[in-house]
Amino acid sequence: MPTVQIEMLQGRTIEQKRKLVEKVTEAIAGSLTCPREAVTIIIREMAPEHFAKGGILRIDNK
Amino acid sequence: MPTVQIEMLQGRTIEQKRKLVEKVTEAIAGSLTCPREAVTIIIREMAPEHFAKGGILRIDNK
Amino acid sequence: MPTVQIEMLQGRTIEQKRKLVEKVTEAIAGSLTCPREAVTIIIREMAPEHFAKGGILRIDNK
Amino acid sequence: MPTVQIEMLQGRTIEQKRKLVEKVTEAIAGSLTCPREAVTIIIREMAPEHFAKGGILRIDNK
Amino acid sequence: MPTVQIEMLQGRTIEQKRKLVEKVTEAIAGSLTCPREAVTIIIREMAPEHFAKGGILRIDNK
Amino acid sequence: MPTVQIEMLQGRTIEQKRKLVEKVTEAIAGSLTCPREAVTIIIREMAPEHFAKGGILRIDNK
């Protein structure tokens, strides 16, 4: 049942995403004692102009 | 006032999206007894490499 | 696969929520031609002090 | 700590987004009395076929 | 049309929330040149046991 | 930078949530090769009347 939304900067490979969902699912199933099949993950990629910290876009953050 | 976010795999036609928002709005207005105009819907499309169930990316799910 | 998040003001009965998820699931499955079992819905209730339109909290909106 | 998600129609310039995150961060830090550095903002752009009000896609809303 | 979700720790007064939505709406309308009435804000409060940074719950963060 | 939202049924202990954020942060940092400090997690708990699968509320799912 756990439903997970992960927001991250664009640019990761499919291999990294594959590993990401495998490891995060494992971490959730292990911590909450629920079956792996119950875990749903949605990944959303952001352009660096769509993330800001402290009022500064990532794209401007040198 | 109801605000709805729908996450779905990419690849639907505009005609399907048109029907989707019409029918979902109708379903919400009818169930909650609120005016149709009060319902806002945001659609987000996912690539098959951005959705996972049971730790397996949709793209790997044959 | 469609994952739906519905944000609405608190105060609806279980019967209304039951009808809501039944009708919205039907609307989505019908519009997108997917099985009903593929549709997940998360409901989130808001206190009237947690929703604003035009800069005015719902609680102040007489 | 405040985490903000802003959903808006696509088509804004980087300059507008730069101003947006600066002003929103300032507004939050000022209202909640927290440091600007604590504010995270995620922007998500929507195509006009992905936003609906009253059951009508923005793209159909003349 | 901009739809904003703000996640923050619980404990703010109504007066702070009132100021928050007023200022954030103003900031968005000013930056994106849209009418104030087009801005919707949803506030969600978190208990300190529901926020983590660097793998540590806020409640454990002395 | 990864920002994670986890939606789960209410009823977990603080100890389970502590383990959850530790393990999920580790899984993300390891898969994406980013520092643990960059990972933010928001947990949201749902009442069983606020989650539905296949049009049936969890509360009705015997």
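By letter and in written order, the chains are A, B, C, D, E and F; residue numbering begins at 1 in each of them.
Definition applied: a contact is a pair of C-beta atoms (placed from the backbone, for glycine too) under 8 Å apart; a residue touches a chain by one contact, two chains touch by 3 or more.
All figures in this text were calculated on a predicted structure; none of them were measured in a lab.
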item	value
Intersection of the contact lists for chain A and chain D	B, F
For chain F, the least number of touch steps when starting out from chain C	1
Higher-contact pair (C-beta pairs counted), B-E versus C-E	C-E
Computed distance of Cα centres, chain D from chain B, in Å	20
Chain centre separation (chain A, chain C; CA means) in Å	24
Between chain F and chain A, distance of the C-alpha-averaged centres to the nearest whole Å	12
In chain F, residues with contacts to at least two other chains	3, 7, 24, 26, 40, 42, 44, 51
Contact graph of the chains (line, ring, star, complete, other)	other
Chain-chain contacts as defined at top	A-B, A-C, A-D, A-F, B-C, B-D, B-E, C-E, C-F, D-E, D-F, E-F
Chain B residues within the chain D interface of the complex	14, 17-18, 21-22, 24-26, 36-45
Complex contacts: residues of chain D adjacent to chain F	3, 40, 42
Footprint of chain E on chain C - complex, ascending	7, 44, 46, 49-57, 59-60
Complex interface listing, chain A residues touching chain F	1-9, 12, 16, 19-20, 23-24, 26-28, 30-32, 51, 58
